[in-house]
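Here chain A shows up in two complexes: once beside chain B, once beside chain C.
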Partner chain A sequence: MVSVRQAAITGVTAGLCLPLALFAIILVPIPGLPAASGFWIPAGFYFAMTLWFGVWGALGGHIATVLAMGYFSGYTLQIWLDGGLGDLIAPLVAYAIFKAAGARPDLKRRRDWVTWLIAVPVASLVCGLWVHTVNLMFGVITWPFWWVGVVTYLVGDSLAIFTVGTPLLKALTDFVKQSPMYVWRE
Partner chain B sequence: MERRYRTFFLYVEETPLLDMHPAVKLLALLTINLVAWLLEAPIPLLILLALLISSYVLLRVPLSRIRRFLLYALLVSQAVVVSYALGSRIPGHVVYAVLPWGAYISDMTLLYMATMIMRFASMLVGSTLLLSAMRDVDVIYGLLSFKVPYTAAFAFNLAFRFSSLFLDDYKMIRDAMILRGAKLDEGGILQRARNYSRMGIPLTVIALRRMNELSYVLEIKGLGFKGRRTHLHEFRWSARDICAVLLLLGSLAAVAALRLATDLLSFPGWPLA
Partner chain C sequence: MSVPYTLLFISAVYALTVVVVILDFLQSRMLREVIAREASSRSGLLYLHVFKLLAEAAIIWLIVAFVGQVWMGWIKF
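This part shows the complex of A and B:
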């Protein structure tokens, strides 16, 4: 059963990320891919929201991505599976790594920093693998182009998450701890 | 049909599709995409694409709706062409070029490229047709018809509502930062993106406050209470909706069965195989 708080997390995160996703697509477009951005600003936000609030934050990012990408490239199954579901998987991978490593999103200890520095590229890599495997399954690319897409995705996505997400986690985790929705209770 | 507020989707008011049950619209969106994905044979895909395009006329949806996606369709087609021309090995009757790394272009490579472009185009044309009759209430009530919990469907609805609120917040924060001397438009594209992303902290603080307030408001309004709830809009199933569901499910089952059991819908498929 979905609680009211979880609905609020998902709805507000999606509402926050949706204009940012549209903004990222317009501000840093990738020539040749209108629904993509070289600096995926919302990723930093939904990574932070996921590390603070768990799955529901990731779901908000997913809804925002699907709506924003679909706005430019049509609401097709490929877009949903590709960017939309990929952007749900990535923050969840980072969240799972934080859980497994016993790290915290306030990035105060060395363990937290190391986990963050590892989790972001790993999550981006998993997401890049997913996105380009879906493209391959839908026949848009072939195997030789698969790894090129994965590597560019890894670099671009990680850069955006580090740039946007790190200050959010550093500056706001203590503020978020006051919220009853924060998932990392001692 | 009662007139409803327009929020995120810009639907066409003249189309009879608008009166369909929300669940049928969502099911049709999924079915058209799945059918296009299952088809790998060029002629059946061409027939599907022709049917979808003629549905625009039949259902009184302007074909200009597809125009905004034309550039995207062109770019995806270019990606397909480059990818298959440089990186595929599809045996055919005639080989036009052999590349140093072993990939080659045959007559079947060209046919396969066209097939993949048609698959993508069918998804785009079909989805755009249905989106022309989709309102955000359709998404919410459609999800409810598929037994998605009300609170989850409501969260989806919140995304539509809050996106416009956050756009206003974004403008307010940007103006405040500029008034205090921030130079947001300096530097290259990436630097500008970084400058803008500094608005993240005030935006997130607003989001977090809004999240807390919203959860209290929703609890006070009794959103989390169990029991049967009533809805503002009532969508009834008509005989036409039921026929549409049967037709959609039947087509999907038939295509899936033909694809799995025969070679008719696999490349090159009927009638070329």
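This part shows the complex of A and C:
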């Protein structure tokens, strides 16, 4: 059963990320890739929410991405599999790396910083590989463009996450720690 | 050069929004300990505070994006 808090976290994440996703697609489009952006600013928000609240934050990012991409390219299986699932996977990969490394999202220790600096590009790369393999299988792109897409995804998402996610984690994690929903309780 | 009325109005709203966000941020910094103490007993306050700051960060980004689009000539008045 989903609690009110879990629903609120998912809803707020989706609500915040949706306008950011829509304008990220409009402002920094990638020629040849429908409903994609070279600077995915909402990722900074749903990465932070996922590192604080686990899957409920990631689910908000997933919903926002599906709604935003679908608005431009139609609500199809390809869009859901592609950006939708991709943006669910990415923050959860970062979350799993934090868990495996024993790091914390307050970014206070050297281990936390190193994990953050590694987890973000790795998560973006995994997601980029997923997204563009789906695009390739659905015939949206061809082989030569696969690499362009993966590299664009890696760079664009990582930059956006570092730009927005880092100050959010630094400024708010101490606060969020008091929440019973915070997933890193000692 | 005259400023179009729509641009003038939207700019005024955005400028005031930025001022409100900055004032709220400063207030949050000054009241950090008080809010933290209160939030430990009332978790609703904690979520309100975090969600509000996230929304403010999103608004600032959208205003920056708006200025950028005007600058690039994508939005015209």
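We adopt the following convention: the second predicted complex is superposed on the first by the 181 of 186 C-alpha atoms of A that agree within 3 Å, B and C clash if a C-alpha of one lies under 4 Å from a C-alpha of the other, contacts with A are read in each partner's own complex, and residues count from 1 in each chain.
In this text, contacts are C-beta pairs under 8 Å (C-beta built on N, C-alpha and C of every residue); 3 or more make two chains touch, one makes a residue touch a chain.
Here the structure is a predicted model, which means the values were calculated and not measured.
Asks: After lining both complexes up on chain A, report clash or fit for chain B versus chain C.
Replies: Aligned through their shared chain, the two binders clash on chain A.
Asks: Name the contact category of A:P144: first (chain B only), second (chain C only), both, or neither.
Replies: After superposing on A, A:P144 lies in contact with chain B but is clear of chain C.
Asks: Touching A:A100 in the superposition: chain B (first), chain C (second), both, neither?
Replies: Neither partner.
Asks: Which holds for A:F72: it touches chain B only (first), chain C only (second), both, or neither?
Replies: A:F72 contacts chain B only, not chain C.
Asks: On the superposed three-chain arrangement, identify whether chain B or chain C touches more chain A residues.
Replies: Residues of chain A touched, chain B against chain C: more for B.
Asks: Now for A:V164: first (chain B), second (chain C), both, or neither, which partner does it touch?
Replies: A:V164 contacts both chain B and chain C.
Asks: Just to be sure I read the superposition right, which of the two partners does A:Q6 touch: chain B = first, chain C = second, or both, or neither?
Replies: Touch partner of A:Q6: chain B, not chain C.
Asks: Looking at A:F39, would you say it contacts chain B, chain C, both, or neither? Reply first, second, both or neither.
Replies: A:F39: touches chain B, not chain C.
Asks: Touching A:V114 in the superposition: chain B (first), chain C (second), both, neither?
Replies: So A:V114 meets neither chain B nor chain C here.
Asks: For chain B, which of the listed stretches 145-153, 199-207 or 217-225 runs into chain C?
Replies: Here chain B runs into chain C along 199-207, and the other listed stretches stay clear.
Asks: Common interface residues of chain A with chain B and chain C?
Replies: 5, 8, 12, 16, 19-20, 23, 27, 41, 45, 48, 164, 167-168, 171-172, 175-176, 179
Asks: Residues of chain B touching chain A in their complex?
Replies: Result: residues 8, 29-30, 33-34, 37, 69, 71-72, 75-76, 78-80, 82-84, 86-88, 101, 103, 112, 115-116, 119-120, 123-124, 127-128, 131, 149, 151-152, 154-163, 165-167, 170, 189-190, 192-194, 196-198, 200-201, 203-205, 207-208, 210-212, 214-215, 218-219, 223-224 of chain B touch chain A.
Asks: Chain B touches which residues of chain A in the complex?
Replies: Listed in rising order, the residues of chain A that touch chain B are 1-16, 18-20, 23-24, 27-28, 32-35, 38-39, 41, 44-45, 48, 59-60, 63-64, 67, 72-78, 138-145, 160, 163-164, 167-168, 171-172, 175-176, 179, 181.
Asks: Give the list of chain C residues in touch with chain A in this complex.
Replies: Chain C reaches chain A through residues 35-36, 39-40, 43, 46-47, 49-51, 53-55, 57-58, 61-62, 65, 68-69.
Asks: List the residues on chain A that touch chain C in their complex, please.
Replies: Those residues of chain A that touch chain C are 5, 8, 12, 16, 19-20, 23, 27, 41, 45, 48-49, 164, 167-168, 171-172, 174-176, 178-180.
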